[in-house]
Structures are given as structure tokens and as C-alpha cells.
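Here come two complexes built around chain A, the first alongside chain B, the second alongside chain C.
Then we have the complex of A and B:
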């Protein structure tokens, strides 16, 4: 019998086999250089980058991704600061004909930049940390929603926000709901439908919980209409704003909770449904690219966009055939969020709304809204953000509609900010068509 | 008789340039002639390993000891050419324990710092090592850029008054009875900086002493004066990966064999190599199977290599030599030691010595011994200083690096530029002119290209080896033309075009052995790009005959065309 077969715990020679190996390095130390092998420098990513289009100083995704990674040696940690100009719209991922893991490279480089090159005492760091961790502040706002809304709406607050934190004073903060979705859900007594064969776990994300919870409520009513039992597991932020701000450790903590909770839901036979296109994007793509918790791949493979899921598992169009929404809604100018586009979902809303009598969604084209989550909230990015959005604003105004439609909360803010239109989520339209105003009594 | 120069060195590889620098620093008058570019022969075709001596620690301890000594010297004098990567001798489960032990003891006997790592410790250093690696020995191997090192030696020789003549092929040795007194060269493109102006002219260069440092070509030179030098050229294939899969030199810990080393080199990793004797160092088969087999074998150590992208492959020719009568059959058994052949002692022909064998890592030591010999012959009493004087670009690197700014460049571009230029970075990169990145793969800016052009004229391959521009994953597809553009307006259109063609052709040569997967896509994109934007698939400007414009008709008259369109409706 050889030595190697005898486990020892003294750390001496001979116990090689039993030494724990860190199989997956910390995200900040991930070696993505081999990903540069796929790049043949065609520059399609650069021509699809909305930031590069309006900002000549921005070197574009090809530099940020494969070029920068290829130039690295193991101990090099000086990431170029231009990575902070990337809005994380992830359009480069879909643009690339050669499967270069661009956004993974950007997310990892950004995290490395923040870790190694950004002062932890800087205003930028704390502003970004605050924006990225919006979820941690939101409960405070929700505790005293009226006061918060009043204070946040004051021009003095906006002025201070810009001067002290570098948050643009041009935008109005979203209002906090007087009752969060989860409060409503508890009060209502949770799921109204029990069905072991049709179960979903709803990942509502932060915005649909703390800010107008109508989207979340609409999802509940639409899914219950189709006979689904809805679970609302404990959850943290999906991580999207944290990736975009290079706060990968914050994202890791949130993701760990989400993966654990959602993996449990999977064991209960549920599929995971998100109503926010960035949340579903994060669970589906960024988690498996950046993390390796047990169950990450399963969660990613079983996460769906709310409308997509119904189109696949139900005959949504047939169900909508002949329905109408009365006076509640008219035609919409529809913007497909970049993160929905990346999931291949950009055509579905227009098709689904065609089935409903009396309303249409007019696609305003494939431009980016420009806000990209927390990006357009930063004072230094506001102008770029509005330049990117200009095409969308123009197309919205040209469209034969007086209201906007989208599935992303921050795109919706940008659409409203640029046009003054009221912006609706597709699930709210489905709710009006399938359930109608009668359901308003539900849960009251 | 007055001679043109005191010492004439034949061959612009590491040995020749090392000798030129050494003698020039000792105050001698030196001329060096090289048939192509500096490094064109064997020096530019090596794997870039700065030996710790570990590879020879069992089989050839004398060489191993020399290696570790010179390894330490080069870290000091050539800091900007050397990367202190460290190296591992990796043992797979099927590799012999006894040999592993012999290797470890051999390293210690030769004064090579060596430490045993467990399999998991080795994987911590290099995460892409195979899971079943058993153990490894850590040694101070390094990576060295042979181009930069050789060029730095030549520049320093020039700074000490030497004449460095590239693109000057030796066509005859001048022999008068039993005395060799110089050579006749044919200038491929004129003396001095390459200008193409006097292409084809010949020149006789006379010298008091000639040093034949042409390596694998030494036999051909010797034959010009009826001297027999039985060099046994041996070819080895090397494949360049697109990225660095490893940042440490990875050696297989076994007695000997093909395909047993991966060397991180600048932005790439180089796989090596094979060992097969060839008859003619200029004409030998380059077989695809040699590349395939090497990738397969090395994948046993670093499995990711199997799927990884290669950007090119090249073959180098070792200048192996063994004294007549040794009769070693297998080229891998021929000693890596060098031999100084004084033709006066050996053949009774005075005025020339030949240097054969040897290896890159010990080039400086070889140069020192030959220079000592030359000084003795010429009756000069001067001591060698090359072990202490840093090369241009390597002066005070440590202190300089700390204080250097980014020159307004993006940080990875600035970092790579500093790594390449060393202490010359400020001098080269500080410019008031716009300084865009010309080669995006390697992060080379216009200022660095201009600096190289100032050194080497229109030869863009000489610019390439100085800067690494066009050596990245697109292999010049995107940057050859902007590089050529920098030659204008100093050089006219025709010359710029010729320089561009020559560089692009050279890039293509190595890519031929990497045409699958991503590199094939790259080659197709390069082709399409050059064809559609520059007409380079059938460029009328490269036609030798003038275009007969009269043969074209004038097209249809305006009126007919309008009618024609209407008629078509």
C-alpha cells in the first residue's frame, strides 16, 4: 500500500491527494485570456456599441475585452479606466459573430479596476457603491415612503445629489410605493392557486418590489389566470447594477442567496420567472459566467422571461385572441431593452399585442435607450446617456402612439424622461386583456 | 596594407551581435555583415527560453552551470528583454521518479535554485496544468525576447562605433594564399540604412581579422575559402499560441523528447520543439504533422492547448557541431556546447575563426571568449565589460519603472510599451504629435513605429522585430498598411508598397501552418479586408505592364443609358 492511500492531516509530503484545490479562482482573478482566441478583430462589436457611437473617447468593446485581456500577464492588474464608461448594455455579446465572451471580460475587468485602481475613499466609489446597492437603501425609503418621496423630489435634494455624490440632478428619482409587492403578497395571503403541476418561482427583483409594484401584481394575476401556483422566494438584488459598477463581491453575496433560494424552488418543481429583462439576463448569463455556486447552471437553465414562458408553455396568443383592454390603454411606442434583445426576446411583445383587439405596439427600432441601469444616473454619463437615447426618443415621437411600453424599469425611466410619455410594462397590458379591471378587487 | 576595419563579424544573430558589441566596447573597430535582417537566421527562430540550466542539469552539467551564470547576468544587463517568469519541470504520473530525483539533484549540483512543488501547488502557480500532474521542480527559467536582445546588442555596438550592415550577403571570402583578409558582400538594398537605392551592388570589406559567426551557415561560408566546417544543422518546429495559457515556463520532466516545453513569450506562448537533422539550413521540409504532433503531446501537460488558437508556426535550425570523428547519430545527443575553430590551428589558414554550436542563453559568454581570442590574435589588451554594462534600454529599469507615466496612452498600451522599450520609453513615447495605436493586437503606437523606422529604414520586418507590431493575432491584417504608411513621405509610394508587400508576405508565411479554426477565420477576414479595401487580390498598381486605357470604350452616351433603363421597365 502506497503512502498516497493513507490520508494524513499533518500537511507533510505524501498527502498531495488530499490537499484542497481552489478550482475556481476569485472572480477578480479569473483568467479570461483564452477568450481572446475567438476574436478575429472584425470590430462588429465596436460598430454595435451605443457608447462608442456617441463618445469618441471610448475605445469600444474590442479594446475593453479581447485586446486588453490579451495584453495581460498574470500579475498585471492595471485595467484602463475607460472600462467604467461601458454601460454594460451587453449588445456586444449579441453582435459578436465569433462568441467572444465580451461582457464577461468587461464585468471581470471592471471588478478588477474597482478593486485595484479605484480609491475606496473616492466620491465615485461610494456613489457607485450606493447606486449598485440600491436594494439596501430601498427598504428605508419604503419605510417612510411619503417622506422619502417628498425629500427626493425637492430640487435641493437633487442639487445636493449632484454636488455631493455625482448623481445627476436632471432626473427625478422613482417614487417608493406606499406598500411593497412583498407586503401586498403577504397581506393577500400568498398564492391563491395551488397546483403541484404548474409552479413558478417569481424573481421580482428590486424595482417591482419597492417602486411601483403594479408590474409584480400584474404578473401574479396573469399567471394565476393560467392556473399557476406562484412562489415568491426570498431574494436579493439580481446583481445587474453591481456588475455594471464593478462591485463583484457585492454581486457575489447577492447571487449566492439567490442561487440557493431559487435552486430550492427548482427542487419544488417550479420554473423561475422574472418580469425585469435585466434580472433574467443576470440569472441566465452573468451568473454562470462569473460564479460557480452549486446550482448556478441549473438556475440559469431554468430561468425565463415572464412573457416568453407563457408563449412557450401556454397558447398565449390564442388566449388573447378577441380580448380588448377597453379605455385603459391605447397604442404603444415599444422599446425592446438591450437585455431582452440579448435573450432573443426583442420581437415577442409586438407579436403578443397583435392578438389583442384595438391596440398595437409600434417597435421604435433597435437603438439602446442609453440609461443602462445606474449608468445614466451618474452626472458624468448623463449627457452620453441622453445622446444615446436621442434616436429612441425621436422614434417614439414619430410612432403613432402617445404612450410607451417596455420591460425594463430603467429603460422605462429614460423613455419617460425623454418624451414625457407614461410608460407601461407588457405584463400590465396582458393583465388588462386577460383579467380586466375586475381583478383590481383582488387582495384589497 | 590598410584594412577597412579591424574585425569583421559575419552573421547578425545573437552571437555575431554579441561579439560586435564586446569588441566595440573594448575599443576595436568592428564591422558586422548580415545577409538579411538582424536575427534572420537561428536567433529569430528560437522559443525565447532563458535557460536556468535545468534542462541540462542531468545530461550536460557544464552547460547547465554556464546557463545559470549567464541567466543571472542577463537579468541584470538586459532587464527589458527578459521576463522573470520562473519555470517548472513537471512530472506526469507516467514519468520516472528516479529521473525527477536526478533532475533535482542535478540542479542543486549546478547551483540552480530548485524547489519541489506538489501537484496542487503547481496548479496554483499555473491553473491550466493538467489535473493529474504529480509534482514539479521550480527553477529560475525566464523568457527572453531574442529580437530585442539582439537589436540592443547591435545598437550598443553602433554606439561604440561599429558598422552594422544588414541585407549584405557574403558572396566570397577574400583569401590570399593562407590568409583570409575580408569578404565580398552583395548589398541587397544598398549600404547604411536600407534604402533599396543600390540594390545588387557589391562591396569588398577587408579586415585584419574575420569572425565567422554564421551558425548553421558556417559550413557554407567556410566552403568559400575551401575550409570544411561540418555543421550539422538540426531543425525544430515551434508553434505560437494566440494568448498566454501559462505565465511560467513549463518543461516536461523526462530525459529527452520532442514537444516538451511551453514558454510564455510577450503576449503569446511558444510551444517547442523537435530535433531533426537537415542537409541544407535554407531548404528543408516544413510538415504540418510536426505541428499537430507537438500540440497533441504538449496537451498532456496543458490540456487547454488542444482547443487553443495557434497564430503561426516556424522552424528554426540549430547550428549543432561536433568535432570530426565523434559520430553521434541522434541529433538530440549532440552537445549544445560551442566550439571555437581557429582556422590557423586547424587548417593552416590565418585571419579567421569560426564559431559553431552553443546556445542563445550563453551568447554573451561565448562572445566574451571569442573576443578574448580575437584580441589575443590582434595583440590588443582590453578587458571585457559586457557582463556589467547594461544594454541600451536596460539602464536603471527598476527605478525608472516606478516613476514612469502613461504618456497619455491607455494603461495596458502604456504598460506593454514600457515593457518593450525599457529605459528608452520616455525618449520614444514623449511626443507632441498625435500618438494613435497602430498595432492593436500588441499595443504599439505610432511613436514606437517611427522610432524603429529611424533605426532601420524601410525594412518593415526590421520594424516588426523591434516593436512586435504585426506579431499579434491578426498577423498584420489590420496594421501592415498603417505601418507602411509611416514610411511616407520620407520614402516614395513604390518603396512603401514594396515594404508593405514584403512584411505582409512574411506574416503569411508562418500563418500557413495555422490555418484551422479561428486563425483560418482571421486569414479569410484579412484576405477579404485587403482585397475589398486595397484591391490587393488583383492590384493594378502591382501590374508590371502599363494599363492600356485606350482599350476601354467610353461607355454609353448619357441618352442611351436613360433609354436603356426605360426600356427595361
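Then we have the complex of A and C:
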């Protein structure tokens, strides 16, 4: 090649620092161009999309991400309404071999669609807003739990929900706890262990607070068993259902509170622990991708899954060696939630439970449960949700177990809905093995 | 404390999975960590050993005969003929009935979606009835919504290449697919579950409707080839069902990415990993390593969405892939291996990394790690970089898998040898 043909960026004398990438204008708040440019259209993401496999109206993550981003460079295109068909399972993220931030692109596209193209007067908008902000309604439910549970369980309510709001009547609403986790925590006098050297801040999220709080109580007992001082900071929703519904501004408000409160806990020497795999996903990945409050990166880097933290900071497996759970639990059909899979936690539960005598967790494979938070609650998605879930239901029934195990509250609802099995959270099993039956521990 | 295992394999493609399976066979506790999905999803699913010599001679009839003449430093030269043969036997054991070709040393010629033939040592059973050495006349069926496979062109190309049979291609509409850009998984799902579809004649099932359409196109051909979308989880049943309805043999033509035969191979390997008790962690990268006082790797750090998790093992296998898999990366002024910063020989001037002829003898295609005969990466002074690290698969240098058609074979052979030695050494 002659010199004349060579691009001039080859570094002539004096221009050592020249990088051709600098010809592009400085990036704004969120520059998705490098991510879009990384896409070489191998379509690996499309083969991982559980929605595209069963829904003919969904064009897949490659379109929703880099292709739509490019289309949008000219101002003559709106975001395609199919973006609302994405369930936000985020499987495309860990599929992409080329570092394209697919879920970040989907989250921003969805937010733009809701902002620019969805009527603020539409039933869809208000239904989604309500589902996304479940945390704001949940305190009402918890204030009058018996009444709420009675009313929500009425077939008339379900019929109305479907007709009026577009919430499927096929599912039963989760019951509200008669005593929330935070009420229980206050009543027991907060932390029972003081330890400036081993301190955690528990991000319980909404479900473990307002709905069955057994998971949160199990976490408290397991961590106190290991001598940890537990802090329960003020907190809002993690934002997961808001991202999934394109309510980015709602999510921003919640995230701002969470980052502020959790950053304070970090200053007190605590690490942040979550028991819900979507909450930990949100704090670890979505916050730094979408927001830049002070402390966001710090909070992300110091957030852990509850079981993972004990594995790294304690010798959890040695502690579990030789323990048993008595008659409380038998073998489980285990489903790894997509959001746990995205954090590299897919094999963890099966590995940890190997140490406990008398029970096994049988992995039911890598398929998505199909409910994806609020997605499967929408009337128009119910059928797709159940089609996606069919593979998991089948594998659960084939597994040598009569009960289910998972770490995600909505996966748990879907597993129960599809098989009728009782579904447990891994922390409840650890509690039974390390502390004893929950009933006895309640005396604490 | 760290997550503890005897052997840690980094990378979840063909080389990594094979290494993990070979190590667990030696009695070690093995973990496989894979960041993104492996390039198996882009792979044809064919298991080649050597189709052409590095000088471009071929297609080779017997790939094993040609191994002795490979240059020093080629991955096959490092593991030797025995290593390659043992690795293939190991693969045959894992694959069972899912693959054919183990009955002979000779390469099989499998028609591709472009109508060329690819020399390969093993092939998925779904492609078996389509071999180009078989002289039965062939109908190739493409779909309007699947432009990756242009059946009439592929048929014409096969005939022009001198295939010993008559080939004809037709393009039809796939029943039940309504999108122009439906994913290959959508076609496979419809056939796997034999879903109800609408046709002009009314409601029927996907397999029935497809068989009806193809039957009307069939003349006196005794086999029919489809693009490789005939089912995913139940591919054997889909193929058998179509063959029965059509009364002729049915085969798949391997496609470009994303590829169902590659996906099925991945499933097969991951099922074997689960059965063998290998612990698998996916979706998170290994980002750095720490050495102990003797200079061995003490542990590596896995980045879990920002949190750093130490993973400790006695032996490590690096199987992170080549330039496409990002096990070898390049910047404007250097080519490097990102985790252990192992030595990657390459010219200082980047204009010497490539030649202008796209299909010419590209230097970059051979970029990768040089290794000793124990598969330990070597530093510029030809000494092992780290005594408990081995490398396998496309991260290795000294060969051009695309030109030689040796990608799967090298991954298998080096994965097998690296895994076996790591497993043995971890047990000592």
C-alpha cells in the first residue's frame, strides 16, 4: 500500500494523540453510538429472545436495540410500538458477543415511546403506571390486608380488572401480609446483633415487605446466625417494573432515594444485600446504565445477592455441610430467574443446596418463566407469557420434585400458576438448615 | 473466601466445554465461567478436522494423513496425532447418536447453504441424508421469508460444482410464519410444537402444512433438503415426521448465523456438563488475576455487574476464543489477550496485519497465543507465562481455521488435551 492510499491517522510526527473517533461530537448524557456500532448483526440476541420465539408481532431485540437506534438518527421515525412487547427479561444482554448494551437501548427507547407516543389519557398508560408503581398502592393493601385480599380474590374484581384495566383475570393477585416486614422489624426492636465489623444494609424491595415477608425474615435470621448487624434503610421500589413499563421518570425518583439511602449505609461500613434477583440487577446494572446520581457506581459495586455474599464472606458450604431441613422441605424443581442468570448466579442455588443433607435442587433448564414482572399480568400478554412458560412448566413436572424453588417473586407466581406447586425462596431453605424451622425461629 | 474449585475453565464454547468435560473425567471438581454466549451459535455445527492444507491444497480426503506435515507451532502439531484422535473419540462418546462420520477417517462432503461443499470429519445426523458423495437426486426447499437460503441458486451451484446427482431448488411460503424477518427460532418452535397454522385450505398443523406444500413440488427426487430450521428441542422427531409424510429422506443444510445446528451442539455440550457435575457460571466476565508468591495464578476475579468475586482453583484453562470471540483483542497499536495479557506475536506496524486481498493469506487470521506442547502460553522468551495456565481453542495462534476448515477440530483437540492435563495436575 502506498503512502498516498493510507489514511492520515497513522500517526505522522506530532500527532501521536490523534484518535479518529474524536471526529464525532462530544457525547451527551447517554451516548449509545459505540454500543450500536458494536452490533455486527449476528442475531445471537434474537435467538435468545423468549418473546420473538412465540409472538409473531415482536421483531426481536436486534431491531429494538441497535437498528431502531440508527433509524432514530433521522428525526422522521417514531419509536415502533412493538417496543412495549419486550418483556425486559434482559437475556439479550448476556447473549450479545459484541458488547451491545441491548437492555439499556430498550429501556431508553421504551421511555421515549411512552413519553412521545403513548396517550397519557389511555387505559394502557394508566394501567401500566399503576402496575409500575405497585409500591405506592401496596401500603393501602397492607393497611387493610384482609379486606383487600377478600376484594381482590372476588371473581367480580378480576372481571372488572380485565375489562376496565386490562389486567388479566386468569391470575390470582398475591395476598397482602397482615404484618409487613418493616412492621415486624420495628416490633422486634430492629437489629438483634450489633457488630461494627460485619454490617449489611438490606434492600428488601416491595414484595418481601408487603406480600409474604417470610423471605425477608429468613434473610434476617440467616445473617444474624452469621453474626451480621443488619440495617434496614428507607427505600423505594428498585425501579424494575418502571423500566419495564417505560416510566423512566418514576424510576429516576425511586433510584435517587435508594442511591442516597444506600450510599449512607455504605458510609456506615455496610455492604448492600438484596434477596430479590431483579432488585439486585437493577441496583447493579440498570442504575449505572441509566442514572448518574452521586454514589450510583459505589452502590452498584457494593451490592450483592444474599446467598452470593455469604459464599464469598463466610464459608457457607462448610457451615451447611451435614445440616438438614427435617420434614419442612423435600426436593425442589429449581428455576434460575433471567435476572439472576444475567448476574452469573445461574448455578449458585443448586451448588449451595448440595451441601444440605436430604434435599436436592433439580435445575429445570435455562428457559424464561415468561411472566417478567408486570408483563404477564397484562391481558394482552397473558397468552404469550404462558406460551413462554410452557417449557419451564414441562421441565418442572418432569423433575423429580413436587415443589418449586426460585429467587424472583414474579417467577415464583408464574411457577405456582403453571404447576400448582408451592414455591420457596432459597433463603427460606438456608434458614431451615442453619437456624431451624421458621415456626420456632418466630419466637425470637 | 473465594469460590473454590480444582480446575477453572474460562470460556464456554467448544474448546471450553470440552476442556471442562475432560478435566472432570480426571476426577477434578471443575467450574466453567462464560461471559457472553459462545460463538457456537454462529457455528455450522459441523465438526471439521482439516479440510485444506495451510498452503490451500484440498479438499483433503484424509485429514489425519495431512496432520504430520503441519508446520511447527500449529495447534495440531502441539497436541500430536494421538491428541486429535483421542479428542474425536471423546467427542463421539459425548455426542452419541447425534453425530455421524466416526466410521471412517475420510472427510465427508456436506452441502452448505451457498451450494458449496464443506469437508468435515463429523456431521449432525440431520445433515446425513444430504451428503454430496451420495448420488441420489435432490430437491432443495427454501422459504420466501428466509433469504439466507436461496434454494434454486444453491442447487445450481451444487450441480456446477460437479455433484454426482441432479439438484433442483424451489422457494415456497413457510406455513404459519407471518413476518418477513421471523427468527430461525420461530420456524423451529412452530415445527417443534407442531402448532396450529392457517392455510388456504383451513386450519392444520405446521408439519402437515409444510409436508403438503413440499409434496406438491416433489418430482422424482428421493431426498429433500431444508435450511437448518427443522426444530430445536425435538429436531429428530420433526425430521422423521416430515420424511414419513413425504415418503423420502429429509435432511438439513447448515446455515450461517444464527445457526440451529450450532445451538443444538451447544445444548448437547451443556447437558453433558450438567450430567458430569461441572459447575457452570454464565453472563459474567473474568477481568483479572492475582498470583501467589511462587508466581502461579492464585485466583482470578469475576466481575458480577460491578461486584468483584474471587474464584480460586489449582489449574486454569483459557478458552476465550479468537478475534471474533474476543479472547484476542486489538487496538490501533497492539494485539493482546485481555485477561492474563499473554504474549500475542504480531508485527509492530498494523499495516502488516493484513493483506489487501480479502480472501488472501491474512496474517491476522493466525494471531493468537503461542503455546508449548503442554498447551501453556509462552512469553516472548519461549518460557511459560504462568505455570498453572493452559490455553485451548481459537485463542491459540499459528493457524487459520477459516481457510483450513479446522476450527472445530482444533477446539476439540486442544480443549481435550488442556482439560485432561489440568484435571490430572489438579489431582496431584
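To be clear about the criterion, the second predicted complex is superposed on the first by the 400 of 444 C-alpha atoms of A that agree within 3 Å, B and C clash if a C-alpha of one lies under 4 Å from a C-alpha of the other, contacts with A are read in each partner's own complex, and residues count from 1 in each chain.
One rule holds in what follows: a contact is a pair of C-beta atoms (placed from the backbone, for glycine too) under 8 Å apart; a residue touches a chain by one contact, two chains touch by 3 or more.
These figures come from a predicted structure and were not determined experimentally.
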| item | value |
| --- | --- |
| First, second, both or neither for A:82, with chain B first and chain C second | first |
| Touched partner set for A:60, first chain B, second chain C, both or neither | second |
| Contacts of A:33 with chain B and chain C, given as first, second, both or neither | first |
| Chain B versus chain C as contact partner of A:347, first or second or both or neither | second |
| Residues of chain A touched, compared between chain B and chain C (which is higher) | C |
| First, second, both or neither for A:74, with chain B first and chain C second | first |
| Partner chain in contact with A:303 - chain B first, chain C second, else both or neither | second |
| Contacts of A:363 with chain B and chain C, given as first, second, both or neither | second |
| First, second, both or neither for A:203, with chain B first and chain C second | neither |
| Chain B versus chain C as contact partner of A:311, first or second or both or neither | second |
| Footprint overlap on chain A, where chain B in one structure and chain C in the other make contact | 19, 42, 59, 63, 98 |
| Interface residues, chain A side, partner chain B - complex | 13, 16, 19, 21-22, 25, 31, 33-34, 36-42, 59, 62-63, 67-76, 78-82, 98 |
| Contact set on chain B toward chain A in their complex | 83, 118-120, 123-124, 127-128, 134-135, 242-245, 247, 264, 267, 304, 308-309, 410-413, 415-416, 440-443, 472-474, 477-478, 518, 521-522, 525 |
| Contact footprint of chain A on chain C as seen in their complex | 1-3, 33, 35-39, 41-42, 177-179, 181-186, 189, 233, 257-258, 263, 274, 279-284, 302, 304-310, 324-326, 332, 351, 356 |
| Chain C-touching residues of chain A, taken from the complex the two chains share | 1, 6, 10, 19, 42-44, 46-49, 52-54, 56, 59-60, 63, 93-98, 281, 284-285, 288, 297, 300-304, 308, 311-315, 341-347, 351, 363, 391 |
